[in-house]
Amino acid sequence: MANITLNKIRHSYTADIEKSGDWALKEMDVVWQDGGAYALLGPSGCGKTTLLNIISGLLVPTEGRVLFDDRDVTDLPSDQRQIAQVFQFPVVYDTMTVFDNLAFPLRNRGMAPDMITARVHEIAQMLDLEEVLNNRASGLTADGKQKISLGRGLVRSDVNVIMFDEPLTVIDPHLKWLLRSKLKELHQQVKATMIYVTHDQTEALTFADKVVVMHDGVVVQIGTPVELFEKPNHTFVGHFIGSPGMNLLPCELHNGEPRFEGHTIGVSAPFKMPQPNAQLQIGIRPEFVRFAEQGLPVDIVKVDDVGRYRIVETRINNQTIKIVSPEGISIPADKAHIRFEQESTHLYADHWILT
Amino acid sequence: MKSFKWLAPTLYILFLMLPIYWLVTMSFKTTNEILGGFSLWPQEFTIANYVTIFTDPSWYIGYLNSITYVTINTIISVSVALPAAYAFSRYRFLGDKHLFFWLLTNRMAPPAVFALPFFQLYSAVGLFDTPIAVALAHALFNVPLAVWILEGFMSGVPKELDETAFIDGYSFWRFFIKIFIPTIAAGIGVAMFFCFMFSWVELLLAKTLTSVDAKPIAAIMTKTASTSGYELGLLAAAGTLTIIPGAFVIWFVRHNIAKGFALGRV
Amino acid sequence: MSEKTTNQKAWLLVAPVVILVAFNALIPLMTVVNYSVQETFGDNVFFWEGMKWFEDVLHSERFHASLLRQLSFTGIILAIEVPLGVAIALTMPKKGPWVSVCLVLMALPLLIPWNVVGAMWNIFALPDIGLLGKMINGLGIDYNFTQQPMAAWFTTILMDVWHWTSLVVLLAYAGLCSIPDAYYQAARIDGASRWAVFRFIQLPKMKRVLTIAVLLRFMDSFMIYTEPFVLTGGGPGNTTTFLSIDLVKIALGQFDLGPAAAMSLIYFLIILLLSWIFYTLMMRNEEQ
């Protein structure tokens, strides 16, 4: 059990990096607290799997160090790092029984047979695999196999971290939910650090205590689901998380106040002056836009009823603003005025929040 | 350990190349030099052997004959195997399993067993000494193989593809030719490769079913070996030339060869 | 995989294959059966002989000897080619420019006409003018495959290994390439040894292709004719006269159609039987 520190990590798959500048991971410093449930969230190709493989030791980073507590493990192979990984597609040893599959990592480490048996039964019980322990692993369904992959990580009581690389991709939708709550439950029981890689925000937000959002090789924010929602550090977090995503409106500064379409907009906190040529944007989540007597005059373009709330699309001079309006609030027919809740309105310069 | 891993394939390839090297070397030697003593490379380099082959019709016609029947065989085998493989991969029908097994048993029939009956059969239908006879005879073992390979590839194509096409109003043959065949192009390539290979290398049947007009190069070589004494240089040159079409074909399929073996259930 | 639908019209799609193969297989097979139960003295006059030829062949020492030689040969080359092919496939590079080079060079022997293979090895192994013969004699070993049975066997086996190991390599390599990287990564994390990776990941995933490799090599080596015939002519004496060579000698050399036909059928049945046993054993193993 350990804190995992990524110290100035950079990685590139191309050999001649000085020339190409083609970094798969740009420089990052991240600390994963011992026992945390993390989600690593980002679109395909943003570098999530690369980061994961660096932690697990399947990849050696081009630059930077990986520390488990104070121990430098950068050059240590995977099997000496006490980590476990569950892959996108279930990996089971086809010719072995479920029992042998679970016992495999322990046997490789020379544990005594009776201790192995005890440990395997304990884990099988947690994962509801007891009834199939003596079956051939190859005959199991995809979710059963994925449980075995997971179990092979859990049997080792000394694991520093268990990593999940989009583990539910091949699982049927109705089982996804079951397996996900199982994971959450397991995290409570074993208290190991877990890192869950996904591009699905629902999976990330339901599983994790802390979500690490990646975009284009950079960690753009680490925070609780609430923080990501209320105060995105980066416009990418704003529009990637949430449905619909954050409204991002171009603006300029007038006497130190942000102005959008000629209206002064109040933002949450005092901010530092941005660079002169920075691209400025106001970010406001649709949930925090209200209809009002006065404010921005908008045309209502479309109303979608999605059940418990409605998504209203409005427009002001070609600029679309979406509003999430709870049930029971009447929506004006054609023209309306809207107001942003100041506490939840943020100012971004070149995509990063201004504070 | 890792740094020595290249050693095994390298030694193996070296072992494969040695006899070929010797053959090619001999083809550039004069008969006198070959019989006169031992030398690692030609002392008097000569291309006379190749000149003989390319100028004497009784030699080069053999190549044309071989290529003709191999081509006919490949086309026939793959085109009849395609619909059959489709049937085996998509439908259940009366006797399908037995039929499939019976087809495969023909791959196990020793050509030596069939040589004489084939001779009589093809003489009786008047095809003796034509490329068609050899092409048809080779179909005996190439068709089952082609069906087997193609069935493997086709089973890997989801059935939804067919169903979608039929819903979109494609007729069976239009679907088969316009959509299905392009989908399994890699499999067809692999099947053709194998048909080419087994037809090109087989000699017993090819020799039995021809006498003058359609004689394959390989048979002309054996005749030379026995009648014109010991013209090893000529023999080596002819042998070298028979390697070239094969090398050419492999070069074409080199990117698909590993994939091809794996993709189908071959 | 979705279920197959029952459709008797599928026979129409299979029909061309059935007609073509039946023409090639059934008519000659009937001819062979016909000969196998009759005696002829030429002029197309035949006499019914019943099972006589079969009994003769089954009790003939000549047949027993060829069969024994055949079984030994097939056993030896399988024992060499399969492990060797797997070992080479395991050491081959997985990606990069060398893959194509390796595959092309390794596939080369497979595409050389069989008599050229025989002829090539003949001039390669001749003790006076061949590279191999010269080398072995240079080591102080008396080697002449045209006169010494042991040398003839050694050369024939070496030739077959040269000729066909690549087929096993290609099949095994294809099997290895189809294993996703995640398996190797999981094994590394699980602390598996190199041997465990082979035993529990690579071998199971290669099983299917190896079954095919063994079957193909078994069938083809059992039918081998051209290469040893060109290389040694079945000699010295009868020491490398395998079943096919013997059969052709009887049928075309001595024109003893009856015994040759009976022998053909027995030969064919042995291949069928052994292939079937191989196949069921391996498949049963897989199902367990």
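Per-chain numbering from 1; labels A, B and C assigned in written order.
To be clear about the criterion, a contact is a pair of C-beta atoms (placed from the backbone, for glycine too) under 8 Å apart; a residue touches a chain by one contact, two chains touch by 3 or more.
Nothing here was measured: the structure is a model prediction, and the numbers come from that model.
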Margin query: Testing understanding: with touching defined as stated, what is the shape of the graph linking the protein chains, line, ring, star, complete or other?
Written below: line
Item checked: A-C against B-C, pair bridged by the larger set of C-beta contacts -> B-C
Note to self: Can you work out the whole-Å distance between the CA centroids of chain A and chain C?
What the structure shows: 56
Check: Between chain B and chain C, what is the separation of their C-alpha centroids in Å?
Finding: 16
Item checked: chain C residues within the chain A interface of the complex -> 180, 182-183, 185-186, 188-193, 196, 200-201, 204-205, 288
Check: What part of chain A is in contact with chain C in the complex they form?
Finding: 53, 56-58, 77-79, 83-85, 87-89, 91, 93-96, 104-105, 108-109, 136, 149, 152-153
Check: For chain C, which residues count as touching chain B in their complex?
Finding: 1-2, 4-11, 13-14, 16-18, 20-21, 23-25, 27-29, 31-32, 87-88, 91-93, 98-100, 102-116, 119-121, 123-124, 128-132, 134, 162, 165-166, 169-171, 173-175, 177-178, 208-209, 212, 219, 222-223, 225-226, 230, 243-245, 247-248, 251-252, 257, 260, 264-265, 267-268, 271-272, 275
Notebook entry, point to check: Where on chain B is chain C touching in the complex?
Noted result: 5-9, 12-13, 15-23, 26, 34-35, 37-38, 40, 76, 80-81, 83-84, 86-88, 90-94, 96, 99, 103, 105-118, 120-121, 136-137, 139-140, 143-144, 147, 155, 158-160, 197, 200-204, 217-219, 221-222, 225, 232, 235-236, 239, 242-243, 245-247, 249-251, 254-255, 257-262, 265-266
